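The structure that follows is given in the form of structure tokens.
All chains are identified by letter, namely A, B and C, in their written order; residue positions are counted from 1 within each chain.
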């Protein structure tokens, strides 16, 4: 073997340089994305404590305090608006929607993943197609339906309708999770004397825990985000969720209570982001199973 | 062809020491096997030689040049992985051409080399297929062609036969051996299968817990194991080990014969063998039992079919082992020691 | 047809066909009732001249459609819906892939970066968009402030006041909020690539750009398709971003089908027209979805 024609130290240096540039590139890209993603929030974080005579001055530094910070706007948010009510409503709706979604999507996902049905594949596509029909198309007639059922101006309107959005996606996600669990487990349980349902409940569902968590997170996120139906069905403040309540309460005509608005955003986004971040690795594994095997 | 050498090589993953100070030097053109149970460090060692893993300490020399700090592609090595790692979205031709593309070879030379490599392994007619359309054996040949097309000086293989079913494995092994002999490339081969190692290796490095316990020819490691681990890892069924006053001694099942069978071959140590169970496997008989005086230890004897002496179970039989076939080991560290006196 | 377990018990629920029916019917009935029915209703509305002032279903044939299509704003909205979706998602694919590649590596502060990068997706759309409303404000925009401080501009940019930059702003906000989701999806794809393939690439000697474009991205194609699909659905069916940011202005230059349907149907009271406008969302959605799936299928691997 001849190394005579190659300058090994030079190769080594080149490799080292490449490695360093790679690290530099990684950090640069990471910092760039972090900055672009978060700078509106950084501004929001400062503004929520800014006095109005500081905020509404064109040439003042928006990223620092020119007048001392104040808790005035938080007070307004919590005491002068129904913010806490909005949060409570969002949580209630989230919980109810989660339960309904799990009750309806789990069986569907199981059936499509496990039971060999002739129309299994087509059903899967049909479910996905349902997801394609946007709320912006359905909300007008849906409002009629809600009014007809007498559910307008109540949380029940949302609890009834949100699962139409969560079920298709959850079914698809859960299908992936089910496919990742070997068949032998249920068969073993059935050989041991349980009915199929007993087998599922005892053996399979506990293993579906990550998938169920994903559905829970998804349902709560939707309840906090969803705008159109919430706006269309509930106009009274007592039954609004965060997504509609905060903008409507804190934007009166042309007057924006910016600082309180930013406070609302930060107070909601930060905890959810922390939770998501903690569960991120679990989601990714589940998603891999759903997408790769689906 | 290059000589592969590692000196004092060490790899730590946090608290875990995967490779604990390994010194190894291959001969030029030899087929060197790294053998050991999973977790012994053999794959980590191989990956460090390849440049896929950076050592915590030590040196790696390919062709007497220290290659630490060089990426895999600069080391002129080729590697075949357990799963073959063929690019699923490329054709066979695309797979084989890929390393040449990466080197910047011009298209004309590229297709010539691809053709040459394909012909070497008899896969020219598969060039337009995709990996998923190939059988296990065909995939191996594509992996070999892709590895060889760069004309490497060292060949590294990471358990490439373990994903094949038993029937294919023998044929694939044959192919590999023939190819290596033909090209004469220095090859380092990782496996946990001691039969494979014995059959293929010019020399075997038996590893455990990140260390090389013994480096030697198949004959050396089988008949003159350096310690208890090597003695029991090689050979199936494993060597029988008995505890004496303050040392261990052992002998292989095929060396444990009934009295009268090999008596003419000289000095033999007699034992009383109480047989509990017999397995008849056609070409040989396995006798399971224990030796009087060492009642706690399970002993296995292997009689070839040519020994037709009837053996009945639940009975004592007179067996013996040639004294020069007995092996002795230190009771505390398991290392080989000089032949001892069995005062019995 | 019943099956018998080892314990000799017979359960009707063990019959797969029965079980399938039981398992699937609640969801199917629910969806038919709450999606199918309103969907049909929406179609019916678009063939009537129903409005808040005139809540009766008077069938007028294609009159409502004619009115809707004759309106130049509608054509603008249709074009914008398509344009925004395509441009935004092209950007999303590139950015999300780059971000995902970085996030699967190990580096100091990764947890913090992940946290920050998730924020745009996690914040409720309406609220995050309101934050952007200020960020792009014609007087107080922090972006303008920075640019002024750096001496790059003297007058503010009026991001939302000019048609071109307004469209850019809408697209930017959509990209901003969707990239985290797409990046997570692509991350899942990256992790699914067997590590031995990456080893083989290193041994074969491919540099990072060759690896990226000749190995990684082709293998990611199906997952990227999934991410694009989600992104397209989110962009096209979204109403909040455009509505909060520009209400479709200035002069309807950022109008999209969703907002136009809302403005016509709810704010304007012409429910029939609103439904008709919204119906056009379907062909756009199905069209783009079909294209994406076809592209993905061609590069289908294994």
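Criterion: a contact is a pair of C-beta atoms (placed from the backbone, for glycine too) under 8 Å apart; a residue touches a chain by one contact, two chains touch by 3 or more.
Here the structure is a predicted model, which is why all the values come from computation and not from measurement.
Of all the chains shown, the one with its CA centroid nearest the global CA centroid is A. More C-beta pairs touch across one of A-B and B-C than the other; that pair is B-C. Subunit A and subunit C have CA centres that are 14 Å apart.
Computed from the mean C-alpha positions, the centre of subunit A lies at a distance of 52 Å from the centre of subunit B.
Centroid to centroid, with C-alpha atoms defining each point, subunit B and subunit C lie 55 Å apart.
Residues of subunit B in contact with two or more other chains: 71. Not a single residue in subunit C touches at least two other chains. Taken together, the subunit B residues at the contact with subunit A in this complex read 1-3, 62-67, 69-71, 74, 76, 153. Of all residues in subunit A, those touching subunit C in their complex are 22-23, 26-27, 29-31, 33-34, 36-38, 40-41, 43-44, 47, 55-56, 58-59, 61-63, 103-105, 107-108, 110-112, 115-117, 123, 130-138, 140-142, 144-145, 160-161, 163-164, 167-168, 171, 190-197, 221, 224-225, 227-228, 232, 242-244, 246-247, 251, 256, 258, 261-262, 264-265, 268-270, 272-274, 276-277, 280, 283-285, 287-288, 291-292. Residue ranges on subunit A touching subunit B, taken from their complex, read 1-3, 6, 8, 11-12, 15-16, 18. By the touch criterion stated above, subunit C contacts subunit B in their complex at residues 194, 196-197, 199-200, 202-207, 210, 214-215, 218-219, 299, 301-302.
Chain contact summary for the complex, subunit C toward subunit A: residues 5-7, 9, 11, 13-14, 16, 19-20, 22-24, 26-28, 30-31, 34-35, 37-39, 41-42, 45, 95, 98-99, 102-103, 105, 107, 109-120, 122-128, 130-135, 139-140, 142, 145, 148, 176, 179-180, 184-185, 187-189, 191-192, 208, 222-223, 226, 233, 236-240, 244, 257-258, 261-262, 265-266, 271, 274-275, 278-279, 281-282, 285-286, 289.
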